[in-house]
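Step one of this worksheet: look at the structure below.
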Amino acid sequence: MSFNTFGRLFRFTTWGESHGPALGAVVDGCPPGIALSEADIQPWLDKRRPGTSRFTTQRREPDTVRILSGVFDGRTTGTPISLMIENVDQRSKDYSDVAKAYRPGHADYAYDAKYGFRDFRGGGRSSARETAARVAAGAVARLVVPQVRVRAWVEAIGGDAIDPANFDDAQIDQNPFFCPDAEAALRWETLVDAARKSGSSLGAVIACEATGVPAGWGAPLYAKLDSELASACMSINAVKGIEIGDGFAAAALSGEANADPMRPGVDGPEFLANHAGGIAGGIATGQPIRLRVAFKPTSSILTPVETISPTGEAATIATKGRHDPCVGIRGVPVVEAMVALVLADQALLHRGQCG
Amino acid sequence: MSFNTFGRLFRFTTWGESHGPALGAVVDGCPPGIALSEADIQPWLDKRRPGTSRFTTQRREPDTVRILSGVFDGRTTGTPISLMIENVDQRSKDYSDVAKAYRPGHADYAYDAKYGFRDFRGGGRSSARETAARVAAGAVARLVVPQVRVRAWVEAIGGDAIDPANFDDAQIDQNPFFCPDAEAALRWETLVDAARKSGSSLGAVIACEATGVPAGWGAPLYAKLDSELASACMSINAVKGIEIGDGFAAAALSGEANADPMRPGVDGPEFLANHAGGIAGGIATGQPIRLRVAFKPTSSILTPVETISPTGEAATIATKGRHDPCVGIRGVPVVEAMVALVLADQALLHRGQCG
Amino acid sequence: MSFNTFGRLFRFTTWGESHGPALGAVVDGCPPGIALSEADIQPWLDKRRPGTSRFTTQRREPDTVRILSGVFDGRTTGTPISLMIENVDQRSKDYSDVAKAYRPGHADYAYDAKYGFRDFRGGGRSSARETAARVAAGAVARLVVPQVRVRAWVEAIGGDAIDPANFDDAQIDQNPFFCPDAEAALRWETLVDAARKSGSSLGAVIACEATGVPAGWGAPLYAKLDSELASACMSINAVKGIEIGDGFAAAALSGEANADPMRPGVDGPEFLANHAGGIAGGIATGQPIRLRVAFKPTSSILTPVETISPTGEAATIATKGRHDPCVGIRGVPVVEAMVALVLADQALLHRGQCG
Amino acid sequence: MSFNTFGRLFRFTTWGESHGPALGAVVDGCPPGIALSEADIQPWLDKRRPGTSRFTTQRREPDTVRILSGVFDGRTTGTPISLMIENVDQRSKDYSDVAKAYRPGHADYAYDAKYGFRDFRGGGRSSARETAARVAAGAVARLVVPQVRVRAWVEAIGGDAIDPANFDDAQIDQNPFFCPDAEAALRWETLVDAARKSGSSLGAVIACEATGVPAGWGAPLYAKLDSELASACMSINAVKGIEIGDGFAAAALSGEANADPMRPGVDGPEFLANHAGGIAGGIATGQPIRLRVAFKPTSSILTPVETISPTGEAATIATKGRHDPCVGIRGVPVVEAMVALVLADQALLHRGQCG
């Protein structure tokens, strides 16, 4: 099947392909009366826009968003908000040989196996271009939960991690890697440049923190915050892992080492640790929500790889089309958007049931 | 909110608390004509049943399942299948002091923050006892996709991992740890015994493999197999991380090292690697589906931990109630069940759209 | 498919067959802290219970409900509420010949066509017995919207309608027909007795009114109150028509005759008419919500009817099993339940989006 | 809440307001490989287009549809199909006084009560213009179930009904009323002209028949065909009633008179009657599916009606804006679209569960 809608009360549906005329999102269930204009959305799109540095794909897309419905006199009306972004810089010729052979690691073979047929231009629907629509919807979600601050950054590229001791929030927007560690950012320049020049690619780990989430948001059992966040992040292209709080590290700990003790605080409890990433029993504890997401290296590389053709013959393919040497970098605003979208939904759900 | 239903076409809804009279699942959307009796479900429940070894909680529950609807003349009718398991060995007194103070790391505080009120007996709805209902539903799911084999095991306990070189499928059911490495199983006896005796607890990593999944199952974009599996596993108590294929390890690789080359095979392509865990673009490639799940150590420990009372006073709590020194162990049949439930749903979804 | 769940935030799932061991409902999404016990549900079940007068089926079912989960210390916890009703008085032998030939007008042939197989005992899943589970869930829904009063009655049986001039709310519970017109009730005794004795059956029209619904509930566009109410009522066995407000009569009116003028009232507008049945644009106006539901006569009649056997041979069938001469009568509490369930859901949805 | 998505597997989401820049639909879950171009959709839009005769609103909209995604090389890809229709002939000034007073019978007051705010231009989201998006989506649905023929017509206007004896399918497209009775069509010219000239409006009854629906489609219990069709039709602007088969007339019949006897036929049973409208137990019997829908007269009339202003003062309003004297007429293609959308969804659901 195809399920292009995400969310339960605050829902969005995305549409569009890499080389179609446009792509977009329809946001449904947004509360009424929220001030909204393109200017509230564009900055987030600019953050993920391609072609902004030599470390991202050279495809040049303005990613200009238009609001086609759901807003009147500058405020949301409670009806669906249609957001559209036109594609401008498609170069379908770049992808001609993708029609002749499957790119291993990409969705090419799987889509053909499922649908018997695919739009091979730039990966069609499976292209990361679709994430522009998520970022646009995410910008609306942020306005639904203004008390929440969602912030993501790159924690490691190709296995080279930041030094937590160097963490500086102010650095994140000062370099093309969303890197909070100035020294790591310098190392990554060399690292990503090398990958780019050799036509290779690198994986990355993104970390995200959401502060201001009140205790109580979350929906046991199958819409636990952990579940919703995992589902949201795993739906992002190239994501292959997610951890809430300490994640896999917690699996190596004892109960004593993993405890999050509480003591009376000014309003609500003061927590002495946050191994659980701000979620217990699927419900927010009021602590910062913390998660980490693993992006695999893009499978678009210049090195020829063994593969087969749609008709089953042996072939090799080298991806020449423009692409990101490290897709994880531009994953930062996308992870932020998905987390914001989950939290906006949970906010409405909580109010719906618990008033 | 409370969302106790999982799935899109093959759906199940669970209900029940740790110390209520019973718990159960209603399976809806199951295809008709499938031979089904309690005997098809009971073995899977027995696999997760408590009190089977000294390494699990000493609560003794027969976990006998009854089919109350949806089956006629030994076959499914296509209508909802109601499965019920009665609780037998509740000892609510064990949990009396849980009413007086929140157990850090448990859902106690979060449930109160959300609902203003909670069933504190054995964790109420947030108890891992609910997973019995999932295992029962999962047994039905297995019958919907008989071509698929879902198999999970424990890969590490408290940071002590198996040696892949020792992997022996036959070993998994030969020890109380679902451990495929006989040597590791011996080490874990000592490890878990020590934790049990000291009233401590240990985290664990579960690995799961599903073979026989045909290429094409999966549902872009927000019901990608990766997403559905992540959502399903993250909804299990104590789970804090999930990886598909190489997961976080892939984030440290280059595109060349992470490639899954293909060459012509007997039927469909032969893959030379499986870093992606059998899923590309959210759709199955026909390779084995591989995932890993991180279970945190249970927060139920004898060591007193700083906490607060429902009225906000400082307190300490030590959990005396019967519990698992390593909840991850009994997570094995639960992970298997959730994976089977996702695959049964995807099988019907694929047939519905692409049939 | 099989979709046995209804609702969006306040959801219920029903299960069970006419001749299975039990049937039930799982209510999910109910707000926490609501006082609830079996005593709040039983009276509504008693209202639809069979065998209470000679005008309903002689099957004798106590329809005793048990709450198996979701309630602690006499209050809802916000987690799923499992309600179970055991079947006591099944007489499967009565239905033996239903296995040999399809009862025209019943679901027999259609279920076989869909599922290739059916539980023919008393109609299995398609039996009106399932509505007991709806009435139990509806009793919970009423407690979620205590400001709302949902009241239904029989407006016509076999084409013999009440005289609006005789409408007396107090009469409704004074006769076995839920009839607000004492004179009509007398006529119906003769009418229904005749049908019962001749083994015939009669259709009926049920009217329902919900007062206390605040302006603003409702969810454009595809969850309009009109749509949700229509969907809810059309899902009841034997229902073949629904009207909101004037319904089909409005189709014969001019815009002037159909207008619902407003003038300033004490709080909000005072309406001078209610042709629209209290709903405009799918949203409640604050007026009483009014609807009418058409129940066809049950197809269970003594007169032999031409039919075919599952193997396609010509046959005739006369239904001897116990049944209602006029199913519409016992439809009254069922319509009330479905309306209450829709309104509880809409109340939570409205709070969720519009706070 | 706002729920602008309809369907379970074959789903569509609509967006847009009467006076916004555009409106559209996103169709998700459509099977792959279906030949689709704008030319397959435009004829159905032309059928409901305004300004085609003096009997419909004089607003002139080309209603030209564009396919923005989901189609490649002229075939559906299985990914979301985005359909957009630009608004051309908005005259917002016409609606200025709608801002100052609520139009009784319209959604004006209810939307304000719900959202505290509304787009009053032409009714904003509650305008029947939204149905253009449904018709576009419905055109895609027809291609999903090519074996099904969905055909609707006007059965009565302002209480003046056709004579069944005069029914002639060929006539339906020969007059501006979709009227199968040539004589009635002539009478309606006078009737609707009079209403139009006096600035009045008339209600209408639409009948719809779907042939070629195989026995077995439908989804008990809460997605019964009756329920889905009722929900779909009741979501159309101005619809206040729906009947399946004989509907309310059946409520006046005896079981004998309402029976649909069967006898062995060439393939499957031959039915001797179709009181049930082709649906038993919520599942298609293979007979033609028959339903009737009641459209109220539009509340837009020249006669001043008592009302109130958003600030609660007494006012009167007469609707001068361009509108349909009988909205039911243009409801014909909309009812057809909704029925086709329900059947496409049920076709996929049936295949998903019953293969």
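So that you can tell them apart, the chains are marked A, B, C and D in the order they are listed, and the count of residues begins at 1 in each.
Operating definition for what follows: a contact is a pair of C-beta atoms (placed from the backbone, for glycine too) under 8 Å apart; a residue touches a chain by one contact, two chains touch by 3 or more.
Quick caveat, the model's predicted, so the values are computed rather than measured.
Participant: Between subunit D and subunit C, is it the same set of residue numbers doing the touching on each side, over half shared, or a different set?
Facilitator: Over half of the interface numbering overlaps between copies: same.
Participant: Looking at A-B and B-C, which pair shares more C-beta contacts?
Facilitator: Here the pair linked by more C-beta pairs in contact is A-B.
Participant: Need the CA-centroid distance for the pair subunit B / subunit C, whole Å please.
Facilitator: Comparing mean C-alpha positions, subunit C is 39 Å from subunit B.
Participant: If you average the Cα atoms of subunit A and of subunit B to get two centres, how far apart are those centres in Å?
Facilitator: Using C-alpha averages as centres, the distance is 26 Å.
Participant: Enumerate the residues of subunit B that touch no fewer than two other chains.
Facilitator: Residues 1-5, 9, 14, 29-30, 32, 78-79, 114-116, 125, 220, 349, 352-354 of subunit B touch two or more partner chains.
Participant: Inside the complex, what are the residues of subunit A that reach subunit B?
Facilitator: Within the complex, subunit A touches subunit B at residues 1-6, 8, 14, 102, 104-111, 113-116, 125-126, 130, 156, 158-159, 195, 200-205, 214-224, 226-235, 237, 239-248, 250-264, 268-269, 272, 275-277, 279-286, 292, 294-301, 303, 305-308, 312-314, 328, 349-350, 352-354.
Participant: Applying the document's contact rule, which stretches of subunit D touch subunit A when the two form their complex?
Facilitator: Going through subunit D, the ones touching subunit A are 1-5, 9, 11, 13-17, 20-24, 26, 28-30, 32-33, 66, 68-70, 72, 75, 77-82, 114-119, 121, 124-125.
Participant: Taking the complex as given, what residues does subunit B use to touch subunit D?
Facilitator: 9, 29-32, 78-79, 220, 348-349, 351-355
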